Amino acid sequence: MLSLIVFLPVIAGLVILAVPSSQKQIIRIVSLLAAVAQMVLAVMIWRAYDPSMAGITAAAGGSPEGSFQFIERLPWITLDLGSMGSMNIEYFLGVDGLSITMVILTALVSTIGVLSSWTIQKQVKGYFLLYNLLATAMMGCFVALDFFLFYVFWELMLLPMYFLIGMWGGPNREYAAIKFFLYTLFGSVFMLLVMIALYFSVLDPLTGNHTFSLVAMADQANYVKDSILGPDNTMWRYVAFIVLFVGFAIKVPMFPFHTWLPDAHVEAPTPISVILAGVLLKLGTYGMMRINFPLFPEVFQASLYVIGVLGAINIIYGAFCALAQKDLKKMVAYSSISHMGYVLLGLAAANSEGMTGALYQMFNHGTITAMLFLLVGVIYDRAHTRQIEKFGGLASYMPVYAGVVMIAWFASLGLPGLSGFISEAFVFVGAFSAEVTRPIAMVSVLGIVFGAAYLLWSLQRMFLGKRREDAAYDLEIGEDGHEHIHFHDWKGKLDLDGRELAMLVPLAVIVIFLGIYPMPIMGLMTTSINKLVQVLSPVAMATLN
Amino acid sequence: MEQLAEIGLNHYLSISAILFSLGLFAVMTRRNAIVILMGVELILNAANINFLAFSKWNGGMEGVMFSLFVIVLAAAEAAVALAIIINIYKIFSSVDVSSVDAMKE
Amino acid sequence: MHSLIQLSIAVLLLPLLSFVFLIFFNRRLPRMGDFVGVGMLGLTFGISAYIFWTVIVQHYDPAFRLAWDFTWLDFGNVPGVGPLQIKMGIVVDNLTAIMLAMVTLISFLVHLYSTGYMKGDKYYGRFFAYLGIFTFSMLGIVLSDNLFSIYIFWELVGLSSYLLIGFFFEKDSAADAQKKAFLANRVGDIGMWLGILILYSQFHTFSYREIFEHLAAGEFGLSNAWLTAAGILLFMGCVGKSAQFPLHVWLPDAMEGPTPVSALIHAATMVAAGVYFVARIFVLLTPDALHVIAFIGAFTAFMAATIAITQQDIKRVLAYSTVSQLGYMVLGLGVGAYSAALFHLVTHAFFKACLFLGSGAIIHAMHHEQDMRWMGGLRKNMPWTFVTFVIATLALAGLPLTSGFMSKDAILAGSLGFAETEGSWYFYLVPVLGFFSAMLTAFYMGRQIWLVFFGESRTHLKPADPHAHHGAHGHDGHEEEHHGVHEVAWNMRLPLVVLATLSVFIVYSPDPLDGGKGWFMKMIPTPATVVGAVHAVEPEAAAAAMGPLVAEASPLEGHDAEAALHAETPMHPEAAHAEASGEHGESHAFADPRQAEIAHLSHAAHNRAIQISSIMVVLGIGLALIVYVFRFIDPDGTAEAIRPLYLLSFNKWYWDEIYQATFIKGSMLIAAIFSWFDRNIIDGMVNGVATLTRKFAFFNGSFDKYAVDGMVNFTAFFVNTSGGVLRKLQTGKVQTYVVMALLAVFGYFVYYFAQLVS
Amino acid sequence: MSNPTYTAIFYLFAAITVISAAFVVFSRNIIYSAFSLLFTFFGAAALYVFLSADFIAVTQVVVYVGGILVLLLFGVMFTHRVMDTGLRADVLNLVPGLLLFVGILGGLLYTFYTTNGWMPSETMLEGSVVERIGFETMSRYVLPFEMASILLLAALIGAAFLARHDAGNGRADNE
């Protein structure tokens, strides 16, 4: 089941390979079918998922059965290293409350992304090949339970992303692509080292061999006493934690490693921005929750304050930077930085409310930011500019568009009744309940105000009032006597057309529904989050020692 | 001369080494694409001799089977390579590989 | 589920239904679906009236409380806390029943009124949809049984207020005003949110009832300063929403919205929600927090009254008057005059809605002229409006025989009692500011009545200005030159009459001089504080005092998520008993001596308050008559004489300018700095790293210029340079490659043999 | 294997193979190269017989001589006018080529003659292997066998497509 959902896009990619590149429509439809099938599978997994199973660590007795679900475990690569023993790498998939949420999000955003890619005209075949590869890599990252396998998918993601930005991007795309590539590569190189060190420090309790299994790694009892990352080797454990944290933080992206994000977003084509913000950023925080924290819980406990402060900086710094932007897409990019700060803050709270809020925020940010970038794409398609001051009074002329923008913008600024609010609220609830992060939470709430400020201000400048003198469109009086606007070389429908609605309306419905009743998603994660909190708690570590 | 009289493994290996080096030389130095192709055939034959010789002195069938597949491969390779050469000739009006340097820089 | 609960849920959801229906289908319906909105609200009001009738009139029970909730979020078995569920629910008690009736009545009347006022607007149907979502959110605030859901609805009314203020969004001023309103409210909201978090972090629940129980049991884990902080922070929500100083600046600007909206949201209901919320959490406010609230209320009442004197725009006068009256209510809560404050909330809602709708009728009739300088003499043209407007004005000014008189006097009496209880001289500032504001109120309302309705029409005096027409919203088609001003149609007149009727004393109390004899003050008694008891009395005594409550709570502990009706025991049975038999609503026994003292002294101060305030009101009206009717004093000349004071008032104490110069400019400056920092320092740091790397790599400074563009560009450059060298080898001749590869192989051979030999 | 006749025949075929191979490489005339390649293949086939691989030898003759060589000759004739004087094939990278030729040959021979541990097993391959090839092909090597057939098919189609008349132009039109 999981293999299927992971490799479906690649299968679609192979089919596309066989289709002549002139048959653009067939290529698109094949991709769409694969994405929809992936979506259907994700829903089936969701329906069959038992939320009472915890995940995170193995069940009693050391076996992942009974803790994880939909497990697929095969020996994959077994390398004989002579005197160093053998390298056992497994093909090990499974989901728990952390991953199932992300699996649903990935399937959803991938499908939206395919729809949004319909307008790509340049080298359609190559584009969709890379796109499908990317979809596989993302999904694989979320379901891999073997660190090596995770790493493979993690690196596999880089390549298509690099080309998708570098070939289908905006004018400065090569700079952005290389910047993205180097930043993330920088992070993952260190991850590789830690991964190998971990391998030699952990034994699988069932087989007695060294293992890459994340499930075994998450249990501190499995660490070899005198190994490099063994329980007594405090210094190296700190180093490993920090190195991993930086690796994931680059992806989040966390201040001060965030500068690749605005560049990448501004240059990337709309669907890639959607994927980037909707799924890729979550991999950073997902990695922290899955790998970074449970593997080094005592270091995590010691660094709560630092993580919290970094989260707060992200929130407020991102909001202020967004306030200063003139390019709409750049503003949305900085808002992403701000919103991912909430995730970090929630994680730093280290309690169930905060962590649930963080994970739920990851999901909601995925859907909301996807909407934001799609909406930016809609206006960019029409006007060929994203400068905020080139618009004005659009609400009169494009009412449906303005309505959807309203929903997305308000969801982003955390209006109750829309999903973003609940996650932000519980991030704050958690952060405030924890002694360590309480002062940080009190400062970070300012982010709510500034978030509202930049979003409302851009809303006002673009949609309210009347057309500006130097706007990117012309005003004309229609036959019915009303004023209409006209974009210079836009042949399509002025307001949202069917395809754009097909992307935006489901997202809007999800955002509203999950804002009113979050349990369908939140219910999946609570058991796992509680388990995670327990694994990370100082009490659990005290009993271990 | 005892060694020369007794036909051993090394004799075959020597022949194979000579054929291989000759084939390599052709591939390296000749400008004519067809001669290069011939060099490749020589290399393949050298390999075949090696396989069979080792197979004989080892008593197993692996080398024999492998050499069979090498021949199959050689046939396929020759067919495709010649097709490519003919195409090159059509485009460049020459089979001189040194003039086919569109990849330069 | 109790039928009243079912009806309350219906009341809550019907306006939402109206919103959803209208937002999607308004263009497909005849008359853009206004009948849907009006009909739904009529139905809602009918149900609310039934609830009111049942709860208050038919079966009045002082301890009446119905609650219903369901598990909204389930966090499972949380480590360190145990099973944790977040519940959502509604609660119906006496106060709720009154608020429900009030909100739905005014909302219904405003809907009806809007069918006339908004007629012909481009987005006519959308207007009713927005009114629907506003009514829904407001009823949500009223019915909420926990802090989380009240916060949700709190922000939702903020949203509907945002939408309605900016209803004429093509006007820049409206777009500015809506943004300002939302942001000012957000600032208040984060305070409120932090207050909620303080409470949640200790008790892991949002429910009022559970929080109060825990507090009463003395389980608050932090110091008392935190509890005071929680109270003040929660009050910040009220500061934002009820436009108290220092967040009052948004309310006058909110008058950019259509006038029915001003009546509904910015006068009667939403702004009163802040007061309602403080009343809900009243029992957890510590004395220190109450002092802060009292002073903020008093200062707001006074400041807004001074500003109202000099405003020219008819709606702005009313807006500042609203701020001032809200200050009264907050003051009332701060001094502990709980019943009086809520009483004033209700009476104010009716007469202020009447004033706004009346001003709307005038503006409508005057073709969107809002400046009072160009009105005058309207009493002949618009008799209905005139009469209702005057009645409401008298109520606002606090003249006897009106509702406003009773409620305002009760608050002022409370403030006197408060000052006497607290003792220090500066606590007397509260009643003094209150009485002085009463005078100012009478003055500026007298001025308004005179300028609008008396004298001769001054329409022709208006300087010709092409931009003066505010008819930007759909009246373009039939813009007429000024001809006769006529009375408005019945659908706008009816609400005025109803609201004016509700501003008369008899509705509330048979004794026009004492609101305490009326049903309202009797039925909404001051609840016993849960913190005062803890801090004033020994813990055991507190536990004993709250005995029935705690004992009753224990079976609820394991209460399941299912919807259930809690037939609960009274919060304070002895108080209820005393009240039912006693003559005055505030004479019942309190667990807290401070509350009892205030209640006692307030009652004693009642007559004094009536005397002083009557004198003040007469002074105010007299002054208005002297200045504007008899013209003994020339208003313009006086303004010149006290020019600094006049300017201070006219420019609204310069708060807008101060905020503009500090917070807004400051934020933009920080934003610019951070953005610059991001581009230059952070990326610059990356560049710095690049420079270092380069220095290590080539200890030769001649490559300097290649590394300027940062590590990223440097890497590209490095690849480029080495590629430049290597591409010399790239002849494009396959055979050269073969040779090179073989040379490498040969090199390996040599190495291998060398190894072998050695 | 000390039979002197046997040894003599071996040396004969070895000489044919090596000398004709050298002729293939060093001949300036491509037609001569092609024909001497024929002898090389024959020689190699004979050596296969010595190595008890009679089936391979026959295959060698059939495939190489009958197939590949004919193909090569076709190639020569397609691309050159027969016996053209300008048919001389020039040489590239002569010096490094010769250097490598000598070096690699020397290296290989040195390795062969200094390595003593080739460890021939006790049993040597004797007699005909045709039957055993049949068994192996249908049992252990059935998958490679099938794949080889697919490869051949693919190569066939690919070669036909590539060499098709105006193949390049036709593709360009479709784009």
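Think of it as A, B, C and D in the order they're written, each chain with its own count starting at 1.
Criterion: a residue touches a chain if its C-beta (ideal position, glycine included) is under 8 Å from a C-beta of that chain, and two chains touch if they have at least 3 such contacts.
Remember, it's a predicted structure, so these values are computed and weren't measured experimentally.
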Quiz item: Taking each chain's centre as the mean of its CA atoms, which one is farthest from the centre of chain B?
Solution: C
Quiz item: Which chain is in the middle, if each chain's centre is the mean of its C-alpha atoms?
Solution: A
Quiz item: If you average the CA atoms of chain B and of chain C, how many Å lie between those two points?
Solution: 88
Practice problem: State, to the nearest whole Å, the distance from the C-alpha centre of chain A to the C-alpha centre of chain D. | Solution: 57
Self-check item: Cα-centroid distance, chain C relative to chain D, in whole angstrom
Solution: 92
Quiz item: Distance from the CA centroid of chain A to that of chain B, rounded to the nearest Å?
Solution: 53
Self-check item: Touching two or more other chains - residues of chain A
Solution: none
Quiz prompt | Multi-chain contact sites of chain C, meaning residues that touch two or more partners | solution = 733, 735, 739, 742
Practice problem: Identify all positions of chain D at which a residue touches two or more other chains, and write them in rising order. | Solution: 92-93, 96-97, 100, 104
Exercise. Going by the contact rule at the top, pick out the chain A residues touching chain C in the complex.
Key: 175, 178-179, 182, 255-256, 258-259, 317, 320-321, 323-325, 351-353, 356, 393, 395-396, 410, 415-417, 421, 425, 428-429, 432-433, 438, 441-442, 445-446, 448-450, 452-453, 456-457, 460, 463-466, 517-519, 522-523, 526-527, 530, 533-534, 537, 539
Quiz item: Can you list the residues on chain C that touch chain A in the complex?
Solution: 72-81, 84, 148, 151-156, 159, 166, 169-172, 174-176, 178-179, 182-183, 186-187, 189-190, 193-194, 197-198, 200-201, 204, 667-668, 670-672, 674-675, 678, 682-683, 685-686, 711-713, 715-716
Quiz item: Of all residues in chain B, which touch chain C in the complex?
Solution: 24, 27-29, 36, 97-98, 100-105
Quiz item: Within the complex, which stretch of chain B touches chain D?
Solution: 5-7, 9-15, 17-26, 28-32, 34-35, 37-39, 41-42, 45, 48-49, 52-61, 64-65, 67-69, 71-80, 82-87, 89-91, 95-96, 98
Quiz prompt | Interfacial residue positions of chain C with respect to chain D in the complex | solution = 733, 735-736, 739, 742-743, 745-746, 749, 753, 756
